[in-house]
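Note that the chains are named A, B, C, D and E in the order they appear, and that numbering of residues resets to 1 at the start of each chain.
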Amino acid sequence: MAPETLLTLGIVILLLPLLTFAILIFFGKRMGRVSGYIGTTILGLDLLLAIYVLITKYTTNFAETIANGSTGIFIKGALVQVKFNWFSIGKLDIAVGFGIDNLTAMMLLVVTLISFLVHLFSLEYMKEEERFPRFYAYLGLFSFSMLGIVLANNFLFMYVFWELVGISSYLLIGFWYEKDSAANAGKKAFLVNRVGDFGFLIGILFMYSTYGTFMFDEIFKSMGMGVMPFGSGLFLTIAGLLIFCGAIGKSAQFPLHVWLPDAMEGPTPVSALIHAATMVAAGVYMVARVFPIFTADASLVIAYVGAITAFIAATIAITQNDFKRVLAYSTVSQLGYMVMALGVGAFTTGFFHLVTHAWFKAALFLASGSVIYAMHRAAHALHDHHTDVQDIRNLGGLKKTMPWTYYTFLFVTLALCGVPLTSGFLSKDAILASTLAFGMLTGHWIIPLIGFASAGMTAFYMFRLTILSFHGKPRTEIAKKTRENNFPIVFPLVLLAIISVWGFYSMNPTNAHTGWFYEKIQQPASAVPENLQWKHNLIEKKFDGESTDLAVGAQHKTVHEISQFEETVEQAHYPAMGLSILIAGGGILFAFMIYQFKWFDADKFSRQLGIIYKFSFNKWYFDEIYAATVIGGTVLGAKVLALFDNYVIDGVVNGASLVTRFSAKLTGIFDNVVVDGIVNLIAKITGFFGATAQKMQTGRIQTYVILAVIGLITLIYIFI
Amino acid sequence: MDIISILFLVFAAVVIGSAGVVVFSKNIMFSAFALLFTLFGIAGLYVLLNADFIAITQIMIYIGGILVLIIFGVMLTTKITQIEFRGGLSGKIQLGTAGLATALLAFTLVTVFMKSNWLLKGDPNKVAETTVNSIGTMLLSEYLIQFEIASVLLLVAIIGATFIARRK
Amino acid sequence: MITSESINALISAVTQSVTQFLPETALIVTFIIAILFDIIFKKTKNITAYVSIAGFVITGILLLFQGSYASNSIFSKMLSIDAFGQFFKFIILGSGIFVMLMSLLSKELNDGDRKVGEYYTLIVGMTIGMFIMVSATNLIMIYLALETMSISSYILAGYTKEAKRASEASLKYVIYGATSSAIMIYGMSLLFGLTGSLNLDEINLVIQSGVDLAPLLIAGLMIVVGIGYKISAVPFHFWTPDVYEGAPVTITALLSVASKAAGFALLIRFFRLTFANSSLVADPSWSVLTSIDWKMIIALLSVLSMTVGNLTAIWQTNIKRMLAYSSISHAGFMLMGVVVMNDIGVAAVMMYFFVYIIMNLGAFLIVMFVADKTGSEEIDDYSGLGYRSPFLAVCLSIFLISLAGLPPTAGFTGKLYVFTAVLNSNYVWLAVVGIINSVIGLFYYAKVFRNMFMRNTDTTESKFTVSRAGIALVLLTVIPTVLFGVWWSPIAAWAKHSVAMFLFK
Amino acid sequence: MGGYISSIFGSSILTWITFLPLIGMVAMLFIPSGKDEDKKANTDKIFKWMTVGITFIQLVMAVFIYMNYNNALTGVNVMDKFQFVEKVSWIRASLPLVGNLNIDYFVGIDGLSAPMVLLTALICFCASLASFSIKKSVKGYFLMYLLLDVGMMGVFVSLDFFLFYVFWELMLLPMYFLIGIWGGPRKEYAAIKFFIYTLIGSVFMLLVMIALYFSVGSFNMLDMMNPANYAPDSLLAGLNTTWRYVAFIALFVGFAIKVPIVPFHTWLPDAHVEAPTPISVILAGVLLKMGTYGILRINFAMFPDATLHFQDLLAVLGVVSIIYGALCALGQFKVGKRDLKKMIAYSSVSHMGYVILGMSSLRPEGMVGAVMQMFNHGTITAMLFLIVGVIYERSHKRGLDDFGGLANKMPIFMGITAIAFFGAIGLPGLSGFISESLVFLGAFKAYPIITMFAGLGIILGAGYMLWALQKVFFGKLPDVWSGPWDPTKKLYKHDDVNALELGALIPLAVAVILFGIMPNPLINMMSATLNHLIEFVQTSPALFSSLM
Amino acid sequence: MTIGLTSYLIVSALLFCLGLFAVVTRKNAILVLMGLELILNAANINFIAFAKYGGFNIEGHVAVIFVIILAAAEAAVALAIVLNIYQNYRHLNVDEINKLKN
């Protein structure tokens, strides 16, 4: 297969969902329900193409081309990319392009598959919706944007699609904009993301101003040759961290994780698509994409951010009662894992977890959708519009009424908890092993500690959720009346559950490193100067001048040249595995003890924990803190400024009355002397002079004469 | 002290004194008659300054014309009554300001005049022959155009004054 | 002493002078004919007006011919015949004709059985005074001319004599004017004492050789009082608003343009001839004699006039009064051109005058029409005018915009030239003051068009318009106001040509 | 250069595009407005369609200019690199002492002005469609409108400073009347405020113009850019002299008021709030650009030394404007009447800050970004104001609290609104993104720290825009609006936007999307010129000093 | 003390100021006019004095003649105006003739 065809296919994959969007936004209203089928079909086609691209990519070796000029098709290692000029500013070309390497190909599959399944799922789930075509149009836009991130081979396109993802998620989360909570959640998601994007943008600016290009491979190349922002390693670290800010926002890492749980206001398929598999994964994907630029310090920060996120989210998830919110915090926690993995230097592992997590988390969300949908229908049938159908306290016993949903849910929960024979076991175990190795090598023991602790908590809260929802007896009338959903809803669940089986990735159920995944997706060599890397990541063999060519696709690392880190990971693998099974098992057991067998009273337990429980239940008060500080501060500043501005304006006219009003409103905040003061003063002075001159005109002619004489005398005395 | 000096002092005293009466008198008729003395005094000064023709003109036009005009004016408009200076606070302020201003101006002028060098030519003590001759020559030669324009001016004044003063 | 040769020489000099004095002669003849016709044709109402206008036209033609003489001095150095004077004479003549035409349409003047014969006669008399004034080079000549003009204008200001406000205006004017001119003649007497001469060129020679500065300053300032009152420069302006408001609007118009023009011509000529070093032949950048800072004095007057005029104008409610203050501030602007005391400044003043006359006359014309129709001169009563009489309102707006000095109107051209002159002499501070003032000016002009267009927009009061002749007269001013805003080469050329002043060399 | 028709009847097409509205105006003057109601309605219609026709022809001409524009030519200070040039002697008046005062009618465009001409034509056309709702004194309105059009077009095409100044002031008065007569409740105040602010700026420009004239001896802008033309002892001769700085500041303040740059901005919210919709559109769409255009054309090119000296200050002012404007816009949610229009007005302050920041960088990316942003802000903000207008026409309300849920009532409108709002927050794919990114790219190279602060603007921008979007379009529809907008169905047959409004919105939306995806056509037009300008600014002072 | 030019000038200065004082303080319009005459006479004294001490410069005398003529004309006109005021107001109090003001 010619590289051109591969790239063309990639671009076709990218553009097909946009076609959905274009068709549906203009003609959707007339099509009605047909629009759903159109969308699903197109996405199905997309999926097939993605599978085809994946297979082709993984089975073909493309001949390298020698770069000739700055645009055209470039093939280096596993990376096939095309570059072209978007626009030029005189002599300065702004080049962009798309690239496909193994990582991309895999990610394409993840996105299209999940997207397709969500499309399918929504056919049923959203069928009552008035704006059904609009929903599919947005889904198309989202898929397009997400695929754009995946295919981008440069920062500019990355950012472009990054923002598009933001806006389409805004539209999807706020899809039910009649509800204030939904509209707020969409806005919150977008704004919190913007905060991350702000850092991302600055990071990109660092890169562009240093390297003069947006292209990943060119940046890596220059970096490998020792070019650094402002010529300093510190700024390289800063730049890396700024770029990572983008991921913090998108992947809901601490401290910007607050938007994700709120985003559950969106329709559940959207949650599955955006908040399980794709959008939130974009951050992780991006970190993986630019992995070579992170210095040791930057990596360490990344690892800690991931760890903290994983921990905080897990603690919160334990106490939540909303079905989707539990899953949401679980997602945040798992994303923390991925980031942490990337941070400690386990590139493939992190990405592997992304893929496996995508499947089972999507399944979890879709299952929750299935539950909610069923509950909704039941509630509708009972004319009950007050009960919160998402509250797990209102569920229970669904195992019987919804068996398909239950069993798939159970299986993927196991995968999430890291129980052997699931894909989750493979990936999570690998992560824990890496962190353990990292701790051993660097002494940062907190990271593995948190990793294991979170794993235990994950197991606990997932089974809390499962037990409360599905086991026992129905706690409400509605739950009793639920029944299993039909094909478009169940099929995706089953499919996703199936591919969460270990065998799809590695024949060895205990170690994924031997599977095809690890073979195809290999860690790119770092582009950072050696003195800024972890020593343990250095490969013994020194590169000579020629092979310092560290393009993204340069994954052809000689296999037997192995770094200290990789060695340690191998050593740590089995201890970590043992430990993780123990901890996960413990967590599951604990959940059963409390919720299934009720050996302890959960309420009493929480009361005993008191503050800690409250802290967790209120999500560590993040929202409140932000509302009080960042948002409050901004709003206050804006308010003050707007008042100030109002005052400046009106002050000119009716100074005095406004001063009173102003100071009544904002006593002591503002010393109103600045612009308005000056303007007022001028107005007053001119007014005064005008009035004085005015008063001289008394109408008495003799006064006039005196004044003229005084004028004369004054002039004489001035100039004498 | 020669006779000229004494005469000067007398005339100066008459001029300033009666001018003071003009300015400060409460009775308008007093003022009018005081003005008569002032103008006479000035005519005297002209004589001292060897300006015979001008002195005569002063008496004829000023006293014979203008002053009579003014007295007519007074009689036509005013019952002979007391005329106050401006009253009230604002009047007092104005009076004070006016007094100060004119006093300052007088002071300034006097000081400056005492110190200044003027263009002095010839011997002032030399008694000149009559000035009528040269004035006449000058009026009809160099100052011919002024002479003509003055006539236009008088015509304008006549037309204007008659128009305004005429009853409807 | 008196010999036949000297008499012959005198006669030939006088005849020669008279040939160059034809425009003024024509005016005097007009004056006399007007008086006679007024007496003879008592029944024909506006006969003096027609006679006067005809006389003015003839004067204009003769004035054109006057330009063909080389600059020189006539009547024993009493008057100068030069391009400078010619320019101002045209301006005066033009505004005189315009005001007479305007008067023919004025309801204020023509209502009842008022006799208007003297009115036009006095305008002619006033014009004679102004004609002499712009070319006078002798102190007594100056004084006489000033008085001729003043006496006419005292009467004209109170011409509607049964109206209280007109008679009040007249009284104020006469007291203020007579005092000012008395102070001026006192100053002239001092100048005479310092230099022993009444002729400006001889005075100049004596000053060059050095005189005492203190009395010279006092004398100069006292003369400035007399001229300053004519051009309404602060602090000698106080009569202006009251007289402008009280006088018939036609006379207000005449006072605001013609007498101001004469005053400026006099001011410029007086300073040029008296205080500039005349030993340098035709020096376009005059070198001013003595250490008295005349430029600063004028600058002070200029700044005061602009500022006080503008700031007070803001508070006015009567449009004539507002225009009076506006004319004070315009005097300040024109004084900026005098401050630099060189030819470019003079040219700028001339340019400014040319356009100022057009726009100011236009503004007063419309004020007259509106007052005739609505019976009010209050700015508040202009509200809704834009809907009652769009033509007048739009034209008034154009005049006011031009007065404010915004392009593309003629007013901008004037400002441009004045600022050009000021900046050319590096008087940046003065330019800045002027610029700030031109912004302030906008406030009160805007007040009028705000009232006309933005207030009372759904007025139910009847619409009105003016006669054909009225429209023609308005267009006569509107068109040049706009035209000279975008194309002024001819007036600039004329102004440049007209800075040439006879310098006794 | 051949190959295109550069003139019509012997005059440059620029002359035609500039004075076409004037011709229309004169024609309109001779059509009497109808006396009774029916006839008045008819003549009003004629005036409306005449204006639309004229502005449409203008637009066609602008497109024609665009198609015949040679991207390779630079312009700025090189006379023969300008296009569609027409130079006719206008005023030849000599003055004593200073020689001739020569003013030319000199028009021509380069890459800086060409996009602005296009923008002006586009905005004027769209705004003319939005003017159909004008009821009061229709004739007067359109006369003023066309006069305004002449002034704006003239500013962008003139190459003679004097001509520039005349056009600059020419546009002031119609604007004053348009706000003052056809505006909202506080129209008088807003109009006079606009007038005074702008006038203060322009009078100082006048002084500098005269001073430049004395130094150079010509009003030709290109001559003023050539250091060799400065008379050695003139006020503005030399390099980095105090007077040059003063002149730079005076000019800058004049333009900054127009832009407006904080702290000269306070006229803007008032003017926008009170102005009728089409005038807001023009105000935001074109007038503000005149300020930045002036800074580039005059401040930068004539005072390169001062530009380099004040570069940093400029950048700071840009960022202050970005942040301050954004915060004030955000503040509208907490303070005052919560007026949507006011919020958009403040957003303009913020967005124009990017232009200042971009140009201060003196880098190709920043400079192109700045000029791009001028164009894009023009289209996007014009859309925003049109959108407010659409709502206001129907409900006579525009408070943020007065609405909600309009998205359901007006779905098509919602779609277009989304384009405008997302364009304003710099969404990729829409034109605002390109220009803002370019500004950031350029500015970051020159001023990393300052630019980081500017980046905060994108967060705040998203904040207030989305907030407003939610307030007005999302949530529940208040009961007041649940019925049809116009129960009689006379004016609005549907709840959604009507064809006329779409006619105004869609061309702008197309421009926003088109230049968001393919910025090339626009960038190519300007890049040669702007690169040359940067080079000129950076090398000219050295050249200057070598001459001394 | 010798009587010289300065003596005459001092007399004229005092007369000038007295006249001015009358102009600005007297309420009766006719008295104001009288004050004016004093000022003019002060000027005249100057002219004549300077004429004598400036070498019998006859120009000064001519000037005085014109000033006197003017004074007469002015007085006539001013009195006519005053009479008119009297007809309109029935008094001559200049303070109360103040309807025209801001």
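Assume a contact is a pair of C-beta atoms (placed from the backbone, for glycine too) under 8 Å apart; a residue touches a chain by one contact, two chains touch by 3 or more.
As the structure is a computational prediction, the values presented were derived from the model and not from experiment.
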Query: Any idea which chain sits dead centre by C-alpha averages?
result: D
Field: Most widely separated chain from subunit A, with each centre as the mean of CA atoms
entry: B
Message: With contacts counted as C-beta pairs, which pair of chains has the highest total?
response: B-E
Message: Between subunit C and subunit D, what distance separates the C-alpha centroids? Give it in angstrom.
response: 43
Task: Mind checking the centre-to-centre distance between subunit A and subunit D? Centres are C-alpha means, answer in whole Å.
output: 38
Task: For subunit A and subunit B, let me know how many angstrom lie between their CA-based centres, rounded off.
output: 102
Query: How big is the gap, in whole Å, between where the Cα atoms of subunit A centre and where those of subunit C centre?
result: 79
Statement: Multi-chain touching residues of subunit E, meaning two or more other chains, are 9, 16, 19-20, 23-25, 32-33, 44, 49-50, 54-55, 57, 59, 62, 66, 70, 73-74, 77, 80-82, 84, 94-95, 97-102
Field: Multi-chain contact sites of subunit D, meaning residues that touch two or more partners
entry: none
Field: Contacts with two or more other chains, residues of subunit A listed in rising order
entry: 694, 697, 699-703, 705-706, 709-710, 712, 716
Message: Please list each pair of chains that are touching.
response: A-B, A-C, A-D, A-E, B-C, B-E, C-D, C-E
Partner subunit A, residues of subunit D touching it in the complex: 189, 263, 266, 269-270, 324, 327-336, 346, 364-365, 368, 405, 407-408, 411, 415, 422, 426-429, 433-434, 437-438, 440-441, 444-445, 448, 451-452, 455-456, 458-460, 462-463, 466-467, 470, 473-476, 518-520, 523-524, 527-528, 530-531
Query: In their shared complex, at which residues does subunit E touch subunit C?
result: 9, 16, 19-20, 23, 29, 32-33, 36, 39-40, 42-44, 46-47, 49-50, 54-55, 57, 59-60, 62-63, 66-67, 70, 73-74, 77-78, 80-82, 84-85, 88-89, 94, 97-102
- prompt: Across the complex, what residues on subunit E touch subunit A?
  reply: 20, 23-25, 32, 94-95, 97-102
- prompt: Okay, in this complex, where on subunit D does subunit C touch?
  reply: 90-98, 101, 136-137, 140, 165-166, 169-170, 172-173, 176-177, 180-181, 187-188, 191-192, 195-196, 199-200, 203-204, 206-207, 210-211, 213-214, 235
- prompt: For the complex, which residues does subunit E have touching subunit B?
  reply: 2-11, 13-22, 24-28, 30-31, 33-35, 37-38, 41, 44-45, 48-59, 61-62, 64-66, 68-77, 79-84, 86-87, 92, 95
